[in-house]
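The two complexes that follow have subunit A in common; it is paired with subunit B in the first and with subunit C in the second.
After this line comes the complex of A and B, so read on.
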């Protein structure tokens, strides 16, 4: 496997970029739930959006890195934790790509808990199309991709067919987009030194291993394209709005965030990595919440600061959250707040800590999920400010 | 036997096993026991120095994440047969290191 030429740039407020594209860490659970969510309604045409968002992101990232060749694209796929892809059978006219290891093909099943009826590797297909197009001098839209075999439905390896196409209107990524404002995140908890947490998370070296996967914090991580997540979420919302179901769409995206919180935060709280990083600092639920906010702030999601927290209410301020910045860059000013992942994440975090006693390391199974997240006294979340609406920071309130 | 094995119940089901040891082992002894084809490295996780051994596309071991604990993680690429062989080899090496 070739080594990636290029490296992640650390920017303000914990933002991270590669080849000019913002990256965020998410795990197999969120990747499963977000994909499942946006595909819930059959006739929205989201399969194509998933593939095109992956193609546009891969193409833009590779364009921002040096080297116009397949080896660089294969190295990128592995470095980001998506697995191993072979693009050697792709030419300027098309061909096929194969995956011997695939995050989407193999790691989503543990999140679903049941066998899949349909292939899950739409991201891989899009990546192959975008990477193939870049490596062979075509436009980002230059290949149409079809999944010919997928490990999520039992194939021994994944296979994506690529065929040349002409598609003048194709989505663009927005690069790093605008930085929000000069507002500074407040220091909200003396025990957390954000710079030290950033450094400690970096030292974990969360990049693809020799298989191209990132098995850390008890989950399978990916360093993913923020553009990909945002395009899926906001295009889903836009299309739901056209059918008069915007509010339902918002609730579904927040629910995906809840599930992300349950598994990702739950997994982190239970992980050896968490203990190693936080040690004895986490002696209370409040300390747990602040500590998790500091870890999240090192994952490319923007800076999370809990400016108020009690067993009944929490107020979270977000500085440069990737959802609000992405929305603004893609669609302009928003009329409503758009930090859905973060909203679900805060609700999930509070429920884990105050209803689920997650610091006692419970078994995170479905019974636990139902008991905690469907509790009649569970926290509800409200977005009260948004960078995408022109505020200096985004703000989410969780209360019960 | 001076270790206990637990399957990690979380999402990497079937891939990760936690071994609790009744006394500490020397990383050098474990390296010798597991063999030269398993690459050794180390990372700093917060206040801890973690020793890591990787047999590419087969398994990874981590020592030092918690006191008296060793984590063994199969790789996705390893077949079911290979996993049985690798875990047996790992446990044999661990037993050897514990005896030294």
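After this line comes the complex of A and C, so read on.
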């Protein structure tokens, strides 16, 4: 496997970019539940959005990096934790790409817990299209992609067919988007200061291993394109806006964030890395919440600051959260808050700490998840401010 | 004849109901009395949609 030429840039406020594209860490649980949610309604055309968002993101990232060749694209796929892709059979006219290892093809099953009825590797198909287009001098929209085989439904390897196409109107990424405001995150209690947490997370070197995967904290991580997530979430809601089901869609996006937090935060709380960095300094649930907020702030999601925290209520302020910035860049000012992932994340964090006693290191299995989720006194979350609506920061309240 | 509360118990059930609402394209289900027995035809559609959303 070739080595990626280029490196992630730290952009301040915890934001990270590669080739000018913002990156965020997310796990197989979020990747599964987000995709499942946006594909629930059959006639929204979201399969095409998933593939096009992947193609646009991959193309833009590669364009921002040096080198116009397939090896660089293959290295990018592995570096970000998506697996191993072979683009050697792609020419300027088309061809096919294969995946011998695939996050989407192989790692979503542990999040789903049940067999798949349909291929899950739409991201791989889009990536192959965007990367192939970049490597062979076509426009970002230059290839249409079709999934010919997918490991999620039993194939030995993934296969994506590519055909040249002409599609003048194609989605654009927004790069790092607008800076939010001059607002600075307040100093809140910290077991370890943010700069040290940022450094510790960077030192973990959370990039694809020899298989192109990132198994860490009991989940499979990806360093993913913020544009991809935002395009899926917001285009899904936009297309739902006249169906009378938009609110239901918002609830399900928050649920995807909840499941992400539950498994990833839960895994971090249980990890040796947590013990090494935070363990002895975290003597209460409140300290655990502040400390997790500082770790989250190093994942590319923006800065998380808990300005109020008790066993009944928490107030989270978000500075440069990737959802609000992405919405603004793609659609302009929002009429409603849009930090769905973060809202679910806060709910998951509070329930883990105050209902699930996660600091006692429980086994994070399905029984535990259901017991906490079904608790009659679980936290509910409400978004109260949003950068996307012109506020200086986004704000989410969790209470019960 | 079952009720929505019987088919979708608890917090996880409420989320499954939302998925079924989207799958069927029936926002009016959210306003349905959760303790009222469902019309058998509707119940069959709901159970079929539930099987689909419970697949990966």
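Everything below uses one rule, namely that the second predicted complex is superposed on the first by the 399 of 400 C-alpha atoms of A that agree within 3 Å, B and C clash if a C-alpha of one lies under 4 Å from a C-alpha of the other, contacts with A are read in each partner's own complex, and residues count from 1 in each chain.
By definition in this document, a contact is a pair of C-beta atoms (placed from the backbone, for glycine too) under 8 Å apart; a residue touches a chain by one contact, two chains touch by 3 or more.
Nothing here was measured: the structure is a model prediction, and the numbers come from that model.
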Item to complete: Applying the touch criterion given at the start, work out whether A:33 contacts subunit B, subunit C, both or neither, answering first, second, both or neither.
Response: neither
Item to complete: Applying the touch criterion given at the start, work out whether A:218 contacts subunit B, subunit C, both or neither, answering first, second, both or neither.
Response: first
Discussion item. One more residue to check, A:304. First (subunit B), second (subunit C), both or neither?
Written reply: neither
Worksheet item: Which of the two partners, first being subunit B and second being subunit C, lies in contact with A:229: first, second, both, or neither?
Response: neither
Practice prompt. Considering only touches as defined above, state whether A:273 meets subunit B (first), subunit C (second), both or neither.
Written response: first
Worksheet item: Can you list the residues on subunit A that touch subunit B in the complex?
Response: 28-29, 100-101, 106-107, 110-111, 200, 203-205, 209-211, 213, 215, 218-220, 263, 267, 270, 272-273, 275-279, 363-365
Worksheet item: What does subunit B use to touch subunit A in their complex?
Response: 8-13, 15-16, 43-48, 50, 54, 56-57, 60, 62, 65-66, 69, 71, 73, 75-77
Worksheet item: Can you name the residues of subunit A that touch subunit C in the complex?
Response: 32, 36-37, 40-41, 108-109, 112-117, 120, 152, 243-245, 248-249, 251-252, 255, 370, 373-374, 378
Worksheet item: Which part of subunit C faces subunit A closely enough to touch in the complex?
Response: 10-12, 15, 18-19, 21-23, 25, 27-28, 30, 52-56
